[in-house]
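All chains are identified by letter, namely A, B and C, in their written order; residue positions are counted from 1 within each chain.
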Amino acid sequence: SPKNVVRCSVLGVQNSHAFSVGKKFQLDDVIEGQQFDRGLLGNIFEVAREMEMIEKNSPGSKILKGYLMATLFYEPSTRTRLSFESAMKRLGGEVLTTENAREFSSAAKGETLEDTIRTVEGYSDIIVMRHFESGAARRAAATASIPIINAGDGPGQHPTQALLDVYTIEREVGRLDGIKVGLVGDLANGRTVRSLAYLLAKYNNVKIFFVAPDVVKMKDDIKSYLTLQGVQWEESTDLMEVASMCDVVYQTRIQKERFGEQIDLYEEARGKYIVDQKVMSVLQKHAVVMHPLPRLDEITVDVDADPRAAYFRQAKNGLYIRMALLKLLLVGW
Amino acid sequence: SPKNVVRCSVLGVQNSHAFSVGKKFQLDDVIEGQQFDRGLLGNIFEVAREMEMIEKNSPGSKILKGYLMATLFYEPSTRTRLSFESAMKRLGGEVLTTENAREFSSAAKGETLEDTIRTVEGYSDIIVMRHFESGAARRAAATASIPIINAGDGPGQHPTQALLDVYTIEREVGRLDGIKVGLVGDLANGRTVRSLAYLLAKYNNVKIFFVAPDVVKMKDDIKSYLTLQGVQWEESTDLMEVASMCDVVYQTRIQKERFGEQIDLYEEARGKYIVDQKVMSVLQKHAVVMHPLPRLDEITVDVDADPRAAYFRQAKNGLYIRMALLKLLLVGW
Amino acid sequence: SPKNVVRCSVLGVQNSHAFSVGKKFQLDDVIEGQQFDRGLLGNIFEVAREMEMIEKNSPGSKILKGYLMATLFYEPSTRTRLSFESAMKRLGGEVLTTENAREFSSAAKGETLEDTIRTVEGYSDIIVMRHFESGAARRAAATASIPIINAGDGPGQHPTQALLDVYTIEREVGRLDGIKVGLVGDLANGRTVRSLAYLLAKYNNVKIFFVAPDVVKMKDDIKSYLTLQGVQWEESTDLMEVASMCDVVYQTRIQKERFGEQIDLYEEARGKYIVDQKVMSVLQKHAVVMHPLPRLDEITVDVDADPRAAYFRQAKNGLYIRMALLKLLLVGW
């Protein structure tokens, strides 16, 4: 579609990992948000919903029985790793784990990523990889003869997080077209909000509000991209007003590690936009609060009990999305 | 029962995790030694004995088929972790592992334990948690909608160790009422001996001997508790005499890390009470030597071949107790 | 056989772990290369070939269903560990993992290896151990009542690597008698080339060429051993000539860690013998290049596409050899 002609440069796609087979797409790898169009997302979400049924009702599923997944993590991320490993095991598959490949593996002796992949692909049927370098997942996929799933490569992509975010909005609000989303917090460094903005542009009549402290405002590349895609967006400094208008308030953590020595700037940014009972009091009844987690105090704990607090359901949706992707990559539709 | 009215303050129970359902108790979580009374212990030990039969004769057990256990370890403890993971797998269940959650997980970014639990409970059916803070397991259980097993929380509780100790005494000596137990070594800091003393007080006519170097004597809280419970106890400096009278000599390691700079005090304490061939020569024929392991040289290696050296059987009993608890928490009696 | 009377001192065998049972040998443990004679190797290779069929055609194999393997790694080696764990899981078995036993386990508190083994054997059916001390595997096997596989003990033995190397030569070249092998690179410190030379001496009319920088030449003990066994060997400084005559060029990495401060010596040694397109151009059509991996630049990447580049197939053969050994140790022939 013409929408997809223009692409945000920082998310620039160089080749596609999704190919059309009959009416459905054949997934070979999951490398970046850009490989998913609206149709493919819809299909994946359908499978994710089937996975939810399986997880709840079929504890002894054998859909991936006999398949072996290697979690090759060059930097630790327990949350993401457990989510993938749970997804594999919930479908009857097995797992090989390396949670500190950078320090422990042959990488420390100078082995290239490509050589590591060619070895590990001999031991497994699919590789879920987390790496500290942008583009690492693409390089792995170019080498491997088995599917690769990118579980985050440095400042680059974390496509399964982007998918679970969109899936959660659809599940919670009931639709994606015409949605109003407030993106709040660290919009400059947050990989998740950037990817989410990118994917939301695939839907119609979406409106996005950016609410960020000055030092971590959304960058121009995404704004230009949204404009070119015909997505309405505006910047605001009034979280209350935005919250009162939105279907989704997507809060994020201000990342201390980005501020280095400038602790005062961090503290100022961090306290600026907090989702608390006051914000919840203006939020519409059908609207929800999301957060990629981990959370510090940018959402107060007393919000957790509110049924509109969707962030733990969102984390759980990550399980269903990952189950769906593992199934699609290993046994197809 | 009136016995349970008085409780040792340092082991003070605030709420109960065991509820009566018909004749049997329903276990929701395993948090602390105090939640087990004599009847419940007896019932668990019966199941542990069934588990022993299963482990020996039914390698392909499917009792926990389709169940997923997360081992969430904030401090490493390979022995305890492997014991739980073996227990789960011997019953056909599956495992998600984090052996260094403190450093690797979102905890390092400031996430609360409660948030971590709410995420991990979405990926698993039961959480076995080891934590560096006293009370952490109770907090986890208060948050989680799935069962929590405390695999040690700092200086606090390690209830599965306490259970396996009592189970071992019953298996080795044949009874718990009327038992004479010598607790030897580091009685001030040893979590295991304190818990064991607490649980033994639930049986009749128990007599306990404390044999400890001066710097690590049993503290007054446990002594007062035993007195109030009507348990006979005395302190002794004569290991030979105690060994000749006891059914169980429970030796423990002097923990170097407790002595800080005072290496000379440590060395003096460490060499004071050693279980060796001389001690074994006065031990009664039916009596046994126990130790929670790891051992340094407080039991000499030449004792290992003596059939009364029960410590490796004791470690193995940990497997059966953990199999029993996993079964009871996940599928019931 | 008389050949086996003389043994290389550094590989000196003290007792045997293979016993004759009827026509086949009964394997109790896998500790060192010396326990395998020509007949046993042939039998294991036959099973490895069956394992290859199973891995390719029977994803849901249940040959080791109900068996539990503990990977007890005192030093990390992700490649070897994943290979063993994949082997176990490909046969339907289950795994308990410790990838940093040295730091995390009771070893840090001063527990002996023997005590650790006596505990871990209670949780599993077989132990795969990697240790930093030569002879550790033998000590473990002397203690354990379940099978031990040595996955490398310090500068000592790494028998499964040796077996997969010989298996790869047979698979790639079609025979072992009459083979010409060029051993290239760090022959002084390389555990793999030393073990390979030792095992090749069991076959007839073998000729070995040593091609090594002066500082890391093959040591006299192996040379004397080969001479006594009637194996022809010679040293050469001309890799091109050796490559043109050999059936196998076995390249190895120069290990930087062996050179300490002497970086210049390392750099000189490292650049001396590189397998590149020029070397490939003189290699015979039926010949192959092997490497135990990880590789740095001692084989140039453009060689990878050559069908005679056998090193990734060699890594994969490690899986089949380990599947074969696990099957033989747990359920027999």
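We adopt the following convention: a residue touches a chain if its C-beta (ideal position, glycine included) is under 8 Å from a C-beta of that chain, and two chains touch if they have at least 3 such contacts.
No experiment lies behind these values; they were computed from the predicted model shown.
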Count the residue numbers both chain B and chain C use at their shared interface, divide by all numbers used there, and answer same if that is over half, different if under half.
different
Rotation angle (°) superposing Cα atoms of chain A on chain C, nearest 5:
120
Using Cα averages as centroids, what's the distance between chain B and chain C in whole Å?
42
Residue ranges of chain A touching at least 2 other chains are 97
Chain B-touching residues of chain A, taken from the complex the two chains share:
59-61, 76-79, 82-83, 85-86, 89-90, 97, 99-100, 253, 293-296, 301, 312, 315-316, 319
Contacting residues of chain A [partner chain C, same complex]:
65-68, 70, 94, 96-98, 101, 103-106, 109-112, 114-116, 118-120, 122-124
